[in-house]
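Two complexes follow with subunit A in common, the first pairing it with subunit B and the second with subunit C.
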Partner chain A sequence: MEIRPIFSALMRSKVSMVLIGLQVALTLAIVCNALFIISQRLEQMNRPSGMNEADTFTFGSTGFGQGFDAFATQAADLALLRQMPGVAAAAPTNSMPLSGGGWSTGVSLQPQQKTPTTSTTIYIVDSHAIDAFDTQLVAGRAFKPEEIERKDFGDRLQPRVVIVSKALGDALFPNGDALGKEVYLGEGPPTATIVGVVDRLQQPWTNSDTIENAMLVPAFMPYGTSTRYLVRTEPGRRDEVMKEVEVKLAEANTGRIIGRMRSMEETRRNAYSQDRAMAIILGVVIVALLGITALGIVGMASFWVAQRTRQIGTRRALGATKADILRYFQTENFIITTFGLVLGAILAYGFSLWLMDRYQSPRLPWHYVPIGFLCLWALGQLAVLGPALRASRVPPAVATRAV
Partner chain B sequence: MFTYYLQLGIRSLRRNPILTLLMVIGIALGIAASMTTLTVMYLMGSDPIPWKSDKLFYVQLDNWGVDDAFYDDGRPPDQVTYRDAKALMEAGKADKQSAMFKLNLPVQPENAEIKPFQSLGRVAYSDFFGMFEPEFAFGGPWDRRQDAEHARVVVLGKDLNEKLFGGADSVGRTVRLSGTDYTIVGVLAEWNLRAKYYDLTNGAFNDPDEFFMPYTTGMDLRQRSTGNNSCFRSPGDGWDSYLDSDCVWQQFWVQLDSPERVAEYKGFLDSYVNEQKKLGRFERPLNNRLSDVNTWMADQRVVSRDVEVQTGLAFAFLAVCLVNTIGLLLAKFSRKAGEIGLRRALGASRRDVFAQYIIESGVVGLTGGVLGLLLTGLGLIGVRALYSQYKTVAQLDWTMVLLTVVLAIVAAIIAGLYPTWRACRVQPAAQLKI
Partner chain C sequence: MLKMTHLQKVYRTHLIETHALRDFSIHVREGEFVAVTGPSGSGKTTFLNIAGLLEEFTGGEFRLDGVDVAGLDDNARSKLRNEKIGFIFQSFNLIPDLNLFDNVDVPLRYRGFAAADRKKRIEESLSRVGLASRMKHYPSELSGGQQQRVAIARALAGSPRLLMADEPTGNLDSLMARGVMELLEEVNRQGTTIIMVTHDPELAARAQRNVHVIDGQVTDFEEAPKLRDPGAPARGAEAVAANG
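Let's turn to the complex of A and B:
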């Protein structure tokens, strides 16, 4: 293809070339970085919590008045819940994955260790917990009913046995032999023995660095007059059981408030609402940006075609085919886009460095830029197609007409 | 002349509707994206109490573990312990001061038709109202004497008063919270805080507090705060050892009316902490902070990183739109070379031509700005739908409306500068020969 004449023609209208090139460059830089941020968010949002989220819901109960007995209420509530039809498992817990609020503590291998080995969240539960979370026990056993100690709120937990998530076990014992080992919670002693390991159970905080570290602690400990329950239903019966539970528990004890029933699906939606919003907003920006750039190319190309109508006619009169004219404009666009893309690649890494420096984001993976090249080349070719076709239809006779 | 050029500009834009539409849409989209994100960022970070934000200070003391800083970068804990809050209140060295924390209590309405419900409120000293200046619809705050007497009084927020008393003047009536009756002394008017800056630890964009109760009365309930609690070592068993512990769970604000008072108070905090060091507390180096409202909001990143990144990208997007507009204006104006040549030959100066085409660019900007304003409105509706907690910050105010239109016109004029300059350089002679 005759690149040289196209090139020298371009050199005579540098400004237009620079403008389109700059637009393509900025578009590449923004689109690559925005897409990378979106993909990071989607990756986070798709991490499994380790729970059965489809069939599980949670709610709180808060007693009022001086005479309220939180222990008796909790025992009665659990008994009632467990015999309700449709309920597969129910357990008390202070918190759960994705909920945004909970407890965390350092875990050490030595007493009075200066800095803890790692940190974990604590779920204060009873012997039904693994069943209610519906997580997989990969080693050891669940808690026995006699291991659930009654604790007043504000007392130290000091559990003698604990169950850990596999990630926490591996963080403490990299050889993967956490089962049966002893650890210190907070500053300890006493020590707690790891009696079970579950496959996966996340922390309540989606932005935690140690999101996979969780520990189950056996205790019967209402938070003041409040307790929280986790209920797993038989598959597909969640919504129906949820309504039933709300009514039954409110009737069973009028000295307290039953909080709103919240499905785990709703909890997940709330937990990641910011990430979802960010992904959607960036997605809108990308679409608008590609649209504007395409329209810009259409506008400039139309202008060039209009400006060069006579030259096109002359070329056609001198024997150029329609395809030659079409190819001329497409090659021209390809050259301009390529200049822009080279500049854009530098800008894209520049943006990425700025994000890394200011927001500690990871480096833009290398493959985004070449994929961006392909997409913008395609976009440029599509955008120029209309004006180029119009150019190719210019009749040779135009050359002979006076202006 | 201005109106004539304006007419010319509008007529010229009408002549190429597609090109004009492309330019207007380009500017409108760029303006809408940048103004939507800028509005959210500006309202999030804007000074919530401009007339005295430099007189209100948040107190931080570094009582954390000797080998483990509260924040990785060495900043002190974001809240204070009960014992330090108590000591600072008793010393009373500031012009106004209040310890406070967030508390969730069950409300048992007199009206049997309303089921008991949970309500999130705040315990604080009477100075809270003097410092943060919420407006009262009825009654007023309790006083310092009632602070000292652990008075069973309460100030209701507008929403709770609406719910319990249908918005009527309820001063003098009682409300039952967790089994105890409290006398209502005041009801707040609508308190539209964009960010709840007095408690940034527990969510700057959470719902407003529904009630306020004297700190002394609230502490008698022996209830832990509903907000964040952090301990670097176990507080031990029971309520009393919790109060004695180094767990941080309260906020402490002071009002200091002059720079001298600020310096004095800093000195007082340092001597307090040095005294405590003798008791074996505060093992870390002296690291007390007094941050005024805006410093504290910046420290706690009220403007989230996501919003900053969005704003940055939106302005880059605006840059693309401007480059786009430059190209299109260039295309448009260079088609007019003949017309310009004619005008110049008939005696128009370069200045006249410049004015004419700059005004034409301005008309594009104005149209783009008006359309951009509509799109910004839609954008903010979208933001409110996506971020339910940003209700208070995704709002257009008059400053932003004005800024939008001005930004659009300025942007279009900047975009028009180069094409206009080119248009002015048209040689009359070159255009007039056929």
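Let's turn to the complex of A and C:
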């Protein structure tokens, strides 16, 4: 290998080497961190909410006019929904995973505990909730109809029983024995007994630190004159049932407005729209950066081939084969790229530390940089291939041509 | 050493054919110093390119050190060129970004010599041209004459059987030209065959034998070699111009 003389020659024209090296370095640093951010976003976006998203939809009902009876309307609506063809389950709920808005409270293990043990979201539901969410009960039982308390909006929730997500149960009782234990909600006594544990149910907020902590609280509690319903349909019938429900409920009670029907898939799309946009933008940045870097290498190599035509001819005259010339330019590119990549590795980790410090983002996993190394090496070799092949086709007779 | 018989070189475009060499025959024996002269455009450089395996020919026969080069592929020609021929160019053709050591090293690396062998050869050949002390210098730090000496060192480092010199003093002043010619004569005395293309009659006169080329044909040649050095080994020479 001709590494030493090529390196020596490069040292005589440092500017080009440094410029392309810096470009490669910045590309590696940015691409590694951008890819990591994209992977984090994709990971977040792909987290399961714990509920059946394919067959569920939600909508609100808001009454108007004097004498509107929210409790009666809710009961009538639920009765109507549950007997409609295609509806597998329906339940009232104040919120749902991914919706972006809901209630939360601290949960303590002791009365008057100064700092709650953890926090959770509260889904105010009835005895059909587990069926409507289609979440898996891993311990205990669902709510009984008699456990559903009627509450006016603004009343303090004092449930005697609750169902928790497994993550919340484990956060409260790390030994995994949450079932049957008593907890304190918010301001303290009385206690609520955990009667059921569901495998998973996320909070409405996608960026919450305790996103997996959720609690089902049994209550009929309309939000003033508004109620939100969660409907699960038989598989494959969601869109059809959504239209039907909108018509039937509007007809059933003209003293209220039925809000827009929103599938959980749409809710998920909305919940992660910013993350998706971020991933797309970063993806475009990565592609653009790699493209610019590749073009930079192509440009530099093409310039060098044109500049060194006589030198290439001389090398050929002195015995270099076409393969030797090809190898020369590939080795030269390898050296420049390696120089850039070493610098880029330092920059990549430095950039990651800055992101950690500034935005509390996780540390860049170590394997991103070596993978980036390999990709940029390959990109460099690919980019230089065209000019190098052109160089290899320079005839040796060029050496004797007049300047 | 080198024998061309009825050699043809035709450059073709879709409109015209240019006969750069026609029915060109020459025989250079080992140890000779032959000057190839002729006016511009006569075919001297085409002859040099073909003789140096830098270019292919379109007809006739060419044997280099007994090897019929007509059927050789590009790799085989490169290998033969590297092993048998040393080149000296009018513009020196040193690589400006390499120091003298690395410049002389270029053909040796392609030859595949081991590092220690290369180092020894480089040091010896630079010593031979009087530039051993400037190995780490770059071509731009040398005079034209010194650069051509480096080019001669590069050409000699691989111990070639044949040295092809293309107007070796064309870019030098008379003093430097004389020095380079003396060096070439010294190299020839030590047994290396030299073919020198030049348009300078004075330089040509210093060769053992002159071959004059006009319009791609050998028009004149000297039958017997001039012996410069009575003590030098006997050298045969024969130039055949089929059409001369």
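The rule we apply is simple: the second predicted complex is superposed on the first by the 403 of 403 C-alpha atoms of A that agree within 3 Å, B and C clash if a C-alpha of one lies under 4 Å from a C-alpha of the other, contacts with A are read in each partner's own complex, and residues count from 1 in each chain.
Just so we're on the same page, a residue touches a chain if its C-beta (ideal position, glycine included) is under 8 Å from a C-beta of that chain, and two chains touch if they have at least 3 such contacts.
Note that the structure is predicted; figures quoted are calculated from it, not measured.
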item	value
Subunit B versus subunit C as contact partner of A:289, first or second or both or neither	first
Touching partner for A:66 - first (subunit B), second (subunit C), both, neither	first
Touching partner for A:155 - first (subunit B), second (subunit C), both, neither	first
First (subunit B), second (subunit C), both or neither touched by A:310	second
Superposed model, subunit A: greater residue contact from subunit B or subunit C	B
Touched partner set for A:8, first subunit B, second subunit C, both or neither	second
First, second, both or neither for A:281, with subunit B first and subunit C second	first
Which of subunit B and subunit C A:366 touches, first, second, both or neither	neither
Residues of subunit A at both interfaces, subunit B in one complex, subunit C in the other	402-403
Residue numbers on subunit C that touch subunit A, as the complex places them	45, 48-49, 52-55, 74-75, 78-79, 81-83, 87, 89-91, 93, 95-99, 102, 105-107, 109-111, 138, 154, 158, 166
Residue ranges of subunit B touching subunit A (in the complex, touch as defined)	19, 22, 25-26, 29-30, 33, 67-68, 104, 106, 108, 115-118, 178-179, 223-224, 233-239, 242, 304-306, 308-310, 313-314, 316-317, 319-321, 323-324, 326-328, 330-331, 334-335, 382-383, 386-388, 418, 434
Residues on subunit A engaged by subunit B in the complex (per definition of touch)	15-16, 19-20, 22-23, 26-27, 29-30, 33-34, 37, 62-66, 114-115, 152-156, 186-187, 223-225, 256-257, 259, 273-274, 276-278, 280-282, 284-285, 288-289, 292-293, 295-296, 298-300, 302-303, 306-307, 351, 355, 359, 402-403
Sites on subunit A touched by subunit C in the complex	2, 5, 8-10, 12-13, 310-311, 314-324, 395-397, 399-400, 402-403
